[in-house]
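Chain lettering (A, B, C and D) follows the sequence in which the chains are written, and residue indices restart at 1 in each chain.
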């Protein structure tokens, strides 16, 4: 016999843009909202009476965004989550994820344009909320932040096996796509300032410290993030090593003293760690 | 002060194709291998002596694939995992994921071609292994399996709120991208046969049962999967509802009795559940 | 002074699915319709009176699809094109492109399912029409058809330069993504049968002839296509060489007699040619 | 009988990064090089003696990039093109396309970092060259430049048909992905300065002029580009209209005075025009 285990459902990729200050800024999100609760009748038989239609979930997101979406996406996530819990007694937990398309004001001839924007190059901010009547987990983070150091990175002195062919590199290129998520302490509410400080702290480490390995750089980035923001409990960082191997031109009698590199998307190294207090 | 928490690293998207039977069949995989263990010196200081270079991980995957990759990717995942544990005392757990590009023999003028293939339309099979010296979790599954029912699907009698505008549908299109993962019982080794039976069972339910909701169809697919394969403990299924809304042509005085639909990739419904014995 | 040169506008990626025979088959397209004509007032000043809104173009595609879309997408392209020319005297030329998501009936336990489908593995068929009041160019084709020969392919005896390191290959893997477009003769109307015959002819060559080069295989595929279908004037074929290089395991003392290969998406060879009568 | 028509072949997506000034800047490109000439023997028979292997084309690109790639990608395209013509008498024409991944120096705590970069948000610059022994066409441009105006855009007074449901918009959001290519005059060599001025001119128009239609904005952008750079002959601009429709919340008794919008990737309007002197 089959039994229904953990389950949740809802709507994903609901996109909304809201203008603020007559269009002097805009907030654009792609939102997911999944509901967990007592929905077994829809799985175990032909009975949808417990089901809030995902179309209704979508409409709710859009209507509440119109009324409440502002520059702090964490606040909107909480509002959405609370709405579903308050409205539906049979919903036990709500999972919200908001991904932000960050728009930056253009600078035209040295002046900030009043209502014109280009996409931000600094990755996609997100916030993830798991909210129940007894608890709340809130994580914010960044994905897709593509960065590169042209020097001050090395990798040497590593373990060797029968399958090792890599040689020590004293001066290599380090490129990665930063994905990082930090968990707020329960009473913390200063999300926006924390997000800015965490991001700045990570980029400062990336740009100013010598990197003996992706591992070391990742840990130092996490350490700096924790130092910059007492309001977070931990940070999880995942960084692919997007390889740039030196071009080997020796077959053509050409020397390449670490000047020319061949970027390669795959395979890629992958380093993942949690840094906590 | 900052502390190193859970961490792992390795290589991802290592692609290999191996010919079998002089090319009468081929196995093509994209492999990830991540190592968990005692690697703290690389995070906490400028010391890489514990680090098996991810380049070595890549070479190991390729060399072992040459020696051992066959039609059953679960067996290769286990072999890879065991290799890393046996070779490195300071590795405690290995995470392997293999994704398969399934190649199907062409049929030319009614005959199966001896060494010519096209891509399979039935999604991307995968296997995920977490192997330590004391335990083993092995899950296989399928992703990206795009299917559609043109009729025999409905959705009515659902809960209504102040944000509900959806009306009951008696005959709708049901399209989804099946993503399902099933967990093998500890002593089970007949992976290939199970994978085939689970997939066939899910598709048979999809194709033959009336669907009163995605939830119901998902549960019945999971139930049939469990019935077809006593060797699995549970199955997790995630199915987006890829909406096809009826085209509303009333503004042009044209009736559309459920004949013409507007496919829409986003937003999409999302239904996720575990079905277990 | 600036002058307006060639210009066109319209709507792209209008998706429609139409059921046929009570859902026993479905036709799903993504349609583009661009209009060329007398629209200069919208470019040269603040005057939109000549502009058929792209939203109207979208509505027109959907409404006509409801009334006329059938299994032969070329016929619908022509109908759409003629509609815009007939309806708007100031439109001189219409560009239509239809891309088809081909759905295949599932086979369940040896039986064809009556209303259940999976995506076709044989690429994306398309048709492109440029229709004016004095002329018509109609091309149909296929994109994204991924195929592989595990053997019976070689590449040797090529030109050598100071930058050549490639060595002769007597037995290599040949994989490509076929993109081909064939142009119908003016009076030809048997689109469906021609499309099937051209595709079958190309795949038969790919599967049955020894390949001394991608160039040779491409030409033979084009030649066979022309032979199979007197109603086409020419065929343009573009085929990337999706490289599968033999894994070099000599550093580990392992021989690889053309058994194990490393697939690589980029860089890729690219061969493009027109074959005509 | 089948005849070989126009044909060309080569390598695509050859990626190279070159450090300049000890890594204070980097140039990263993805390069295509296709050769046209006398290669018929490879198509018409089993004879590759005319074929410069695409692997050699790749090596050539990398070796010449090491020796010559600098900040002006047009100069490198010309050098590559001339190399193939000079080296191979049977090559008649060379098609080069270089796409640049533009890396921007990070600013850390108000200071420009010496060797650290993030991806540029301003799209992907490219240059396309068709070079023969008797002629040269050189076009540079930009793709993927995502921009948005939150106001100062309208669309009204357009043509109406039986399929028109769109109503006049006095204040809409205008978002597009600019794709523009400009053709240099034969003797022009100041590519870098022209590229900067053309881009700045287009963005200034986008940010400062009221938009009565995408057509008008496109033309004014082209006009400004031509004015900014006497060294270009024409500019081709393609701009999708990435729709942001006002959320209709009237079913919930909520008014939306142009504050909240639903972004929609497809279908999209498409406007394409050439602006010339």
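What we mean here is this: a residue touches a chain if its C-beta (ideal position, glycine included) is under 8 Å from a C-beta of that chain, and two chains touch if they have at least 3 such contacts.
Every value quoted in this text rests on a predicted model; they were computed, and no experiment measured them.
Set side by side, A-C and A-B show the greater C-beta contact count at A-B.
Taking each chain's centre as the mean of its CA atoms, B is the chain most distant from subunit D.
For this pair, subunit B with subunit C, the centres built from the Cα atoms lie 29 Å apart.
Averaged C-alpha coordinates put the centre of subunit A at 37 Å from the centre of subunit C. Subunit A and subunit B have centres, each the mean of its CA atoms, that are 23 Å apart. Shown for subunit A are the residues in touch with two or more other chains, namely 15, 59, 63, 163, 165, 252, 266. Considering their complex, residues 15-19, 22-26, 28, 59, 62-63, 65-67, 69, 103-104, 106, 108-109, 113, 115-122, 145-152, 173, 200, 203-204, 206-208, 244, 247, 249, 252, 254, 256, 258-264 of subunit C touch subunit B.
Looking at the complex, you find that subunit B touches subunit D at residues 162-163, 165, 251-252, 265-266.
If you check the complex, the residues on subunit D that touch subunit C are 1-15, 32, 34, 39, 42-56, 58-60, 63, 87-88, 155-161, 163-166, 212-216, 218-219, 222-223, 226-227, 234, 240-241, 266-277.
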